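Below is the structure I would like to discuss, written out as C-alpha cells.
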Amino acid sequence: MTMRGPGFLDQLDAAVPAAVVGRNLEAIDPWIEVAPERIVDVCAWLAKSSPVRFDSLQCITAIDWLETDPKKAAKVTWQPHTEMVYHLWSTSARVSLVLKAKLPRWKSDVPGELPEIPSVCGVWRGANWHEREVYDLSGIWFTGHPDLRRILCPEDWEGYPLRKDYEMPLDYHGIRGR
Amino acid sequence: MAQMLDDDPRIIEFDVRTDEMLVNMGPQHPSTHGVLRLVLRTDGEVVSEVEPHIGYLHRCAEKIGENLTHRQWIPYTDRMDYLAAMNMNLGWALAVEKLMKYQVSEKARHLRVLITELNRIASHLVGMGAYGLDLGTFSPFLYAFREREKILDLFEEACGARLTYSYITVGGLTADLPAGWLAKCEAFLEQFEPIIKEYHALLTTNAIFVKRTANIGVMSRELAIEYGCSGPVLRGSGVDQDMRRDGEAIYTAMYDGYAFEVAVMKNGHYPRDHDYPAVPADAVLGDCWHRFFVRMLEVVQSMDLVRQAMDRYSACKGPLGEPLKLTEKMPAGDAYLETECPKGQMGFYLVSDGSAIPWRVRARSSSFSNLAVAHELCRGCLIADVPAIVGSLDIVMGEIDR
Amino acid sequence: MAEFLINTVGLPDWLAWTVTAMVAAALILNVIAGGALVFIWAERKIAGRIQDRLGPTRTGGKFGWLQSLADGIKLLAKEDLMPDGADGMLFRLAPYVSFCASFCAFIALPFAFDFVGQRMNVGVFFVIAVLGLEVFGVILAGYASASKWSLFGAMREAAQVVSYEVPLGMCVVVPVMLAGSMDLVTIAEKQAGWLTNWYLFHDPFTFVIFWVYVTCAVASVNRAPFDLAEAESELVAGFHTEYSGLRWSYFFMAEYGSMFLVSALAALLFLGGWNGPVPVASLLGLSEGTGDTAGYFVRLLGMANLLGKATLGVLIMMWIRWTLPRLRIDQVMMTCLKYCTPIAAAMFLGAMLWQVALPGGLVPALRRPAGEIREGWLPGPGGAFALPSADAGKVAKVNP
Amino acid sequence: MISALSMIAGISTAAPLPVAAINWHSVFFLLFAAIACGFAVAVVAAENVVRMAFYLVLSLGATAGLFFLAGAEFVGAMQLMIYVGGTLVLLVFGVMLTAQAPLVAIKGSGRDRVLAGFVGVALLAVLLQSAFSVKPWRAAAAGMVAEPAATPIGMSLVGVRVDDPAGGAPATNKRPGYMLPFEIVSIHLLVVLVGAAYLARAKRRKTPRAIEVAASVEPPASVAEHASIGRERQRSGSVLAGGRS
Amino acid sequence: MNSVVASAVPLFGLFTEPVSVAHYLVVGAILFVSGVACMALKRNALGVLMGIELVLNGANVNFVAFASPYLQGEGSRSLGLDGQVFALFVILLAAAEAAVALAITLNFYNNHATVDVDRADDLKG
C-alpha cells in the first residue's frame, strides 16, 4: 500500500489531468472534489487502471445545499448548490475513497431543468439503480444512463422529495398527502 | 431485444417456439418476501428477462431523518431491516459516533457485539426458513421460527420489544441487561447448537434442495463486486470480505480481541472450525447453495461470537454509560460508515451542519444492491428458479424501499 | 344385493337394480367425501405435529376432529368468485370434471372380495385410464381462469401427468403379468396367504418396481415433491389460483380421492390387497365362502385391511409432503424419463424372466400351490402354449 | 289416456309396469349415444377451440361408454387411456400453445356453413339408409354373450388366435394373428416418438454457467493460510488517509 | 301392454327394444358426418384435426359394433376379435396421426403465426 495519501492523488492527477478541483484530506472521511464533467474519466481510472482498484461503488448521494428558512439563509456561507458524493470501495486493498462533485441546483439556474452529471454505469454496472434512486429522490439527470426512470416513487410522481424546497403534494390520485 | 436474446448464450432455443409472455410475480406473491414485484418475460417456462419493480414500501426515511435529531431517527432504522433491527441501530449509532468521535464504554461495546450477533442468528434463521419456503418445503420455516422466537424472547427481556428494538442507540445502549439474562442466553445456545444439524439435514444436504440450488443463479466474483453486493451474497461468490474485519476502525475496534473466521470459501474449502457438511459435488462457487451455506456458517460463527461476548461482557465491571442526549449537537462535517449486517454491508452517510438535526441522511442498503443483480442471475433460468435465486439473495423490502 | 332385493323383498327387477346402483354410488361417494374429511383433518394434524405445532385442537372438542367440517362450512359460505376474463362455462365445469374422474375410478376398485362397484375384466386398466382423465379438469381450470399463473399450472400438470402415465402403466403391468389378469379382484386373490405371497416380495424386481410405482403415483396425483401444478412459491396456487369456495373444495376432494385411489391400487397390486400379512381368516378356517355371516365377517376384515393399507399410503404421502422441498419442472420430467421409465422397463423384463426361470419362486415351499401360480399364456412345462380355457368361450347371462 | 293413467298408477300399485319392459341396456346406450352425438355436433357448432376440445373429450368419453356397452371393455379402456387421456391432452396442449385471442375463434363464412350442412345431411342420409337396409343388423340381440377378454386380444397381437373364429371353424393355433400389423404399428409409434423428440429438441444448448464458474474460482494457495483462525490485522480506511502517518 | 305404451309415447320403442348393430351404426354415422362437417367448416388447423378424430371415432364405433356378440341377430355372426383389434389399431394410429399433425400445425404456427389453414397456401414453409 505504498500508493496512499497524497501520493495516490498525484497519480490520479497525472492520469486524469485537471480533474481534481478540490480536496480535504483532514476530514473524518477525506475526500477529493472532481469536476462533474470529468467524473467518468476519474472513475474509470480508479476502477480499471489505478494501483488501488476501486472495483466497487458503494453509494451515490446527492446533497441539496439550500437553506429554505430566510433567517438562516442569511447566515450561511455557501451558495445554494447540489453536491454529489460517491463512496468507492476496493475489495482487494480494502480501502475506501470519497469523491465529491458540485452541481448547480438547477441546470443553468432555470428551475425545473435538472442538473446533469455523466453516468458512471459504464464503469460499475451496479451504479444503475443508485443513479436511478438519486434521480428519483434528488432530481439529478445522469447523462448516458441506459434506463433513467423513477425507482422508488411511482412513475407519475411529481417533484424530488429529497430537495430541501420539496413540498409534499396535497393529493395523489385521490389519496390525501398532507 | 431479439438481437440481444440471440446473442445471449444462456437462452436455449426450441423448435417449438411459443409466444413471449409478460408475467407479474408480485407484489402480492407468496415468495417475493414482502412487496417486491418482478416482471418476468417468459417463453414457456424459460425466463428471458426479470425486472424488479420496487418502492411499494417507500416512506422516504431519509427525508424524515432531515427533520429529526440523530437519536430520534433510531426507530426509523429499526424499520429498515426489521429482521435485524439491532444491527441497523448499531450502524446508525456508529455513524453518528464516528462523526462525533465518541467512544462508548467497554461494557457497552461487548454488549453491542453480543446483541447484534444474536440478532444476526435470528435474521439468518428467517432467511434460511423462508428460503426453504421458496423451494416448497414448509417445515424448516417453522423450525427456524421456533428458535428465532427464543431469541426474540431474550430481546424482549432486554429492551421490551420483539421486532423494532431501538436498543442500541447513539452513545451506548438504552439499558443494561436484566439479571439472569446471560444464563438464559447460554441455555438458548446450548439448546440451539444441536438443532443446526437438523437444518443441515432438512435443507443444506437434502438431495432435492441441492438439486434446486446447486449451479443455479451463479454469480461470479467480478459480477458481485461490480454490483456492490455484500454480505453472504458476496462471500457466497468467494470474495473474502467482512466489514467486521475489514471495515473502518471505529467498527473493527468493536471486535478487537474477538476470534472469528470469515465464512467464505478460500482455497477451495470453507472454515473447518466446526463440523459442517461437505460441499455437494455439483455446487459451484457463487450459486444459490453457496449463498445459503455461508448464512448457515455465519449462524455458527455468530454463536461463537455471542459466547465470547458474554464472557467479556460479564468480565467488565464498569458502568454501561449513558447514551447521548436527544439534542446533543453534532460537529459540522460528514461521515460514512458501513457495518456488516446480516444481509450485507449497511452504510449510513450523515451530513451535519453543526446542529443536532442532520442536514442530510443517507442509508445505503445492502439488499438494494443485492437485488439489483437479480436480473443478471435470472436471465435464462426457469420460472421455478426465480424464487430460488431471489430467495438466496435474502432481501428485506423494508431496507430496499426505505 | 340386487338378488336379495328381488328374491327376499320382492322388488321388481329394475327397481332392485336401480336401488343397488344408488347404494353403491352413495357408498363410493361417501368413501371419497368422508375420506376427504378425515384426510384433511389428518393432514392438518400431521402437518402440525411434524412442524412442532398442535394443529387443530378446539373445533369439535378434543383433537379438533370437526375441523374439516368447519372448513367445509366455511367454504360453502365463501363468495364464489369468477375472474372477469374467464371462460364461464369451462371455469364452472372444470372442478366437476376433476371430481368425476376421481369418482369414476372408484367404480372398479374392490374394497374386499366382492365389495366392488363393478367388477371389471380390465379393472386396473380402467382405473388408470379414468384417473388420467383428471388432468382435463386441471387443464380446463387453468385455461378458463384467464390467469397466467393458472395457465402455467395447467401446462405443467398436462406435461407431468401425461409423462408419468408411461412408467405408471409399466409398473402396473408387472402384477398384471404375474396374476395373468387385469381384474383387480383376481390380482388381489392371487396374493392371498402369508406376507410372502404379496407381489411386493414376489421377486427382487417387483420389490424395486413397487418403489417406482410409489414415485410415479405421487407424481401422478400431484403431491409434493411433485406438486408443480400448484407450486405455491412459484405459481401462487397454480391451476386453482382463481377458485374459491365450493368449486375449490371439489379440486381438493378430487386430490384426496386420487391419493386414496393410488394408495389402494398400490395395496391391491403389490401389498396383497385385502389379504393381511397373516391369513387370520383362513387360519380360523373361515373364507369368503363359509356361510353368510362368517363370509361377511371375512370380507369386512379384508376391507379393514385394504382401507388400512390405503390410509397408510396416504399418510406416507403427507409425511413426504411436509418434509421435502419441491422439484423443478425439468427435474420432474427428468425423473420420469431418465429414471422411472427405464427402471420400470428393466424391472418389467426382469420380472418376466424371473417368472419364466423360477416359476415357483426361490423357495417354492413358501409359495402358493403350483397350480395357482400361472394362468394362461406363459409357456407351460410341456413347452406348448397353454391356452386359456376358461376365458375364451364362456357364455354367461349378464342381463336377461 | 288409459295407458298414461296406468303408467302413473302402475308405479304405485305394482301392476305390470311399462317400466319393467324397459331394456336398461338400451337406456344406457341411448344416454351415451346422445352424449356422443350431441357433443359431436357441438364440436362442429362451437367457435372457441378450447371448448371444441372439451366437447370432443365428452364425445369420445361417451363413445368409450358405448364400447363398454358393446362388450368391448378393453377397447373402451384403451379409448379412455390413449384417445381421451393422451391424444386429446396433446391436442389441448397444442391449442394452448397456439391460442392467442384472435386465433381462439376463427370463423368460417356463412356460405361454407350452408354448403357443409347440405353435404352433411346428404351424407348422413346415405349412411343411415345403408345402416338400416341390411336386415340382420337391425335384428334384436340374440342374448348376452360374455365378451372376449383382454387375454385373447393380447394373444392375437402376438400372433396366436384363441377366440372363436368367425367362420365357425374350430379354434386352432394355426390361424393367423395380428403379429405383423402389431409390429408395424409399434414401429410407426416409435417413428412418431422419435419425430416428437426431434421436434421438441433444443436447437442449441450451451452451458455458459460453467464458463462463468471457471472465472469465479480462486486458485488455491495454501491450506494453512485458511486454517489460521483470527482476523487479519489489516486496518483499512480511506485511501487518502493511509500515506500520511 | 308394451305395444300400447310404445304407441302412446313416441320413440318409446327405443327404450324397450334391445340394441342392435344398426343403433351403433347410426351413432357412428352421426359422428362421422360431424367430423366431416368439422373438417370442412373449421379454418383452424386444430379444428380440422378434431374433425379427423371424430371421423376415426365414427369408424371405430362401427368396428366395435360389428365385433360385438351382444348386438347380433340370429343368422349373423360378429366380426369377433378382428373388429376389436382393428378398433385398437385405429386408436393407436389416431394417436400417432394427432402427434404428427400437431407437429405440422405448430411448425406452421411458428412460421406464419397463425393456425388458419386458409393461409397455408405456399409450399415453402
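Here the chain labels run A, B, C, D and E in written order, and each chain numbers its own residues starting at 1.
One rule holds for everything that comes next: contacts are C-beta pairs under 8 Å (C-beta built on N, C-alpha and C of every residue); 3 or more make two chains touch, one makes a residue touch a chain.
Since the model is a prediction, treat every value here as computed from it, not as a measurement.
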| item | value |
| --- | --- |
| Smallest number of contact steps required from subunit A to reach subunit B | 1 |
| Chain hops separating subunit C from subunit A, counting only touching neighbours | 2 |
| Maximum inter-chain contact count - chain pair | D-E |
| Most distant chain from subunit A by Cα centroid | E |
| Approximate Å spacing (C-alpha centroids) for the pair subunit B, subunit C | 47 |
| Chain centre separation (subunit A, subunit D; CA means) in Å | 64 |
| Mean-CA-position distance for subunit E and subunit C (Å) | 31 |
| Residues of subunit E touching at least two other chains | 106-107 |
| For subunit A, residues contacting two or more additional chains | 29, 94, 96, 98 |
| For subunit C, residues contacting two or more additional chains | 155 |
| Touching residues (chain side subunit C, partner subunit D) in the complex | 12-14, 17, 87, 89-90, 93, 120-122, 125-126, 128-130, 132-133, 135-136, 139-140, 143-144, 151, 154-155, 158-159, 161-162, 165, 180-182, 376-377, 385, 387-388, 391-399 |
| Sites on subunit C touched by subunit B in the complex | 47, 50-53, 148-149, 152, 155-156, 224-225, 227-228, 231-236, 322-331 |
| Parts of subunit B lying in touch with subunit A, wherever the complex brings them together | 54-55, 58, 60, 62-63, 98-99, 101, 222, 225-229, 239, 241, 246, 248, 333-336, 338, 345, 347, 349, 351, 359-360, 362, 364, 368-369, 372-373, 401-402 |
| Residues of subunit D touching subunit C in the complex | 14, 17, 19-20, 22, 24-25, 48, 50-51, 54, 57, 61, 73-74, 77-78, 80-81, 84-86, 88-90, 92-93, 96, 99, 143-152, 154-155, 160, 162-164, 171, 173 |
| Interfacial residue positions of subunit A with respect to subunit B in the complex | 27-29, 55-59, 61, 63-64, 85, 87, 89, 91, 94, 96, 98, 124-126, 128-130, 133, 137, 150-154, 161-162, 166 |
